[in-house]
Every structure is written in structure tokens, then in C-alpha cells.
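Each of the next two complexes has chain A plus one other chain: chain B in the first, chain C in the second.
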Partner chain A sequence: MKNKIQELRKARKVTQQELADALSVTRQTIISLENGKYNASLTLAHKAAQFFGVTIEELFIFEGEENL
Partner chain B sequence: MEEFRSKLKTRIILCSILTVVLVVALITLQSLERRGTIHGETNIGFFAGGIIILIMNILRMKKALKDEKSFKDWYIRNTDERAVAVQLRAANFTSLFTIVLLGIATIVFSYINNVAYAVLAAALGIYMFIYLGSLIYFNKKM
Partner chain C sequence: MENFKKKLQRRFYLCLMLCCSGSAVYWGLSYLIKDVPDFSRGMIAGVYFGIIVVAAFLMIKYLILLRNEDKLKAEYIKTTDERNIEISKATMRTSSVISLVATGLAVLITGFFSKTVSITLFIDMTAGALITVLVNLYYNKKM
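Up next is the complex of A and B:
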């Protein structure tokens, strides 16, 4: 799932570590999220959306299941 | 986070109990060995390693309880969802891989050695029993 985490983080001049601390996750998780290698849980997605002041739908772009 | 703090306190207590058990076991086995009651050698390295690791963990956990920054680092390291997901996936893969390896080894040794075959078959049976039991348990729980 694509997301705008890196875009919004850079726009707000927040480092990966600062974002990780704010969301109570490791920096590695932020890196994996930004690279699209890991999909956040609903709780983490909600926390991230709250942090950036956007909705979950604005932050995460659901492209639909390719195997359906 | 407060729930995690009390979990950490529980872990410290459990690790302390385990440390005491290992120390008592080591002393008991060593004295029984010296008296000639049991034969063979106690693996001191195993016990010593276990005790050292437990003590180090207890000290780290106590430091985490006293210092807010250490506590937060410990909390994040233990609850980070990606880390938990990675561990679950690795454990799942390891379980299935172990079952397959045990199965292959059981079949191979059925042609070579009956005792080894029986031991491997028993190990495979117990492993499968625990694995399937866990699947059923967590299927009902979640």
C-alpha cells in the first residue's frame, strides 16, 4: 500500500527518529512504512494520520487487491 | 504504558526466580556429583551462561523502570508492531520448516536405524501435537 508519510514528514521537517518517537515505534518501522515494505496496522495508521493532521484515506492510498 | 510497566515488574520477578532456581540447581547437581550420587558432568557453562544472561536482563529491566527514557526505549523495542510481526513470521516459518525437516529425517532413518527412527517419530508426533493444539487454541481465542 502506498502512502504519503515521507512526503508529509519532509514537508513538516520532521526526522524519521522524531516521527518514530511520536508514534512509539522504531525508526526501522518508519523506514519500512515509507518504502512501502510494511503495511501499518489500523492503530498505527490512525496515530500517523492524527500526527499529520490528515485522515487515514489521505495518508494511505489503497490500490485494491490485485489477486481478487 | 502503565500496563507495560507492571508487565516489566512481573518479568523482573520471574527472571529473579529463574536465576535462583538455576543457582540452586547448579549447586545441587555439583554437590550430588561430588558425592558420587549422580554420574556424568554438570554442564556448568549452560548454567553459568543462563545465570549471567538473566542477571543482565534483570539489571536492564530495573534500569528501564527507573529511567523514563530507558523505559520508553524498552517499551518501543518490545511493542513495535513491525518487530512483533517479523518475529511471528519467523516463528511460523521455523515451525513449518522444522516439521518438514523432522518428517524427512524420520523417513530417512526408518531405513537406517530403528532407535533413531523411533526417537525422531516421537519428536515429530509431539511437535505436531503441540503445533496443532496451538492452532486450535489461538483460533478459538482470537
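Up next is the complex of A and C:
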């Protein structure tokens, strides 16, 4: 699943650490999310969407079933 | 955060209980049973002191965390971070499968050399598989 976290974070001039603190996760999780190595849970997706003031659909791009 | 503090306090007391009960069992059995081979005595002492050292280390860690808000917050984020939790789950899943397969192979191989070792490993493997099934049933009911 692709996401626009890095794009929105840079547009808002927020560091990875600041975003991590706001979402109560580690910086490594933000890095993995931005690299597409890790897919956020519904809770984290919701928190991230709230932080950026967008909808979950705007932040995360669902591209169909993975690993099939 | 308060719940996390309580969780750490509970863990501290669990470690303390482990130290006390482990010490009571170790010193009690050492006093009651005199006829223990030197090798076994050394091994038991090593395991006992290992448990005490690990428990003491954890207790000191919990005390430091409980007295320092910044460190407590950092530990809370590290512990509740969903990626870390996911990594732990995947690690446990993979390692238990590898362990089960390796034990199965060991049962086959040791069967050619030692009946006792082979049966011991077989019991260990069966107990492990049984525990996995029971835990799986528990979570199936819970979720």
C-alpha cells in the first residue's frame, strides 16, 4: 500500500521525530511507513490522517490485494 | 501512561517474587537433597544465578523507568509501537516453527543413537505442539 506521509510531512515541514512523537510511535516506524516497508494499522492510519487533516483514503492509496 | 506504570510495577513485583521463590526452592532443595552429582550441582547453580542476575537487572531497569518520566515515556512508545509489536509476533511465529521442525529432525536423528534423548525430545516437541494448539484455541475464543 502506497502512502503520502512523506509528501505531506515535508510539505508541512515536520520532522520524522516530531511526527513519531505526535503519533506515539518510534521514528523507525515512520521511516518504514514512508519507505512502504510497513503498512499502518487502522488505528495508526486514523491518527496519521487526523494529524495531517486529511481522510485515510487521501493519505493511503489502496492498490488491491497484496501477496496474492 | 498510568496503566503502563502499573504494568511496570507489576513486573517489578513479579521479578521480586521470582527471585524469592527461586531462592527458596534452590536453597531449600540444596539443603534437603545432598546426593547431587557435581555436574548437575554446577549446572543448577549456574541457572539459579543466571535467573537472579536477569531478574535483578530487570528490577533495576523498572525502578529507573518508574522514577524518570522522560525515560518512561520513551519506553512506553518503544513498547507500544505497533511495528515493534508486529516484529515480535512475526519473530515468535517464525522461531516457533523453526524450533518445532528442528526438534522433529532431532527426534529422528537421535533415534538412531539414544532412545532416552529421542523420547525426551519427542515429549518436548509434543508438549510444545500441544501448548501451541491450546494457546491458539484460547485466542480463537478471545478474538
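What we mean here is this: the second predicted complex is superposed on the first by the 65 of 68 C-alpha atoms of A that agree within 3 Å, B and C clash if a C-alpha of one lies under 4 Å from a C-alpha of the other, contacts with A are read in each partner's own complex, and residues count from 1 in each chain.
Here is the rule we go by: contacts are C-beta pairs under 8 Å (C-beta built on N, C-alpha and C of every residue); 3 or more make two chains touch, one makes a residue touch a chain.
Being a predicted model, the structure only gives us computed values, none of them experimental.
K.L.:
Touch test for A:Ser41: chain B only (first), chain C only (second), both, or neither?
P.N.:
both
K.L.:
If you stack the two complexes on chain A, which partner ends up touching A:Thr29: first (chain B), second (chain C), both, or neither?
P.N.:
A:Thr29 sits against chain B and chain C alike.
K.L.:
What residues on chain A does chain C touch that chain B touches too?
P.N.:
The overlap between the chain B and chain C interfaces on chain A comprises residues 20-21, 24-26, 28-29, 32, 38, 40-41, 43-44.
K.L.:
Can you name the residues of chain A that touch chain C in the complex?
P.N.:
20-21, 24-26, 28-29, 32, 38, 40-41, 43-44
K.L.:
Once bound in the complex, which stretches of chain C touch chain A?
P.N.:
77-78, 80-84, 86
K.L.:
For chain B, which residues are in contact with chain A within the complex?
P.N.:
Residue positions touching the partner: 72, 75-77, 79-83, 85.
K.L.:
Can you tell me which positions in chain A touch chain B when the two form their complex?
P.N.:
Counting only chain A, the residues touching chain B are 20-21, 24-26, 28-29, 32, 38, 40-41, 43-44.
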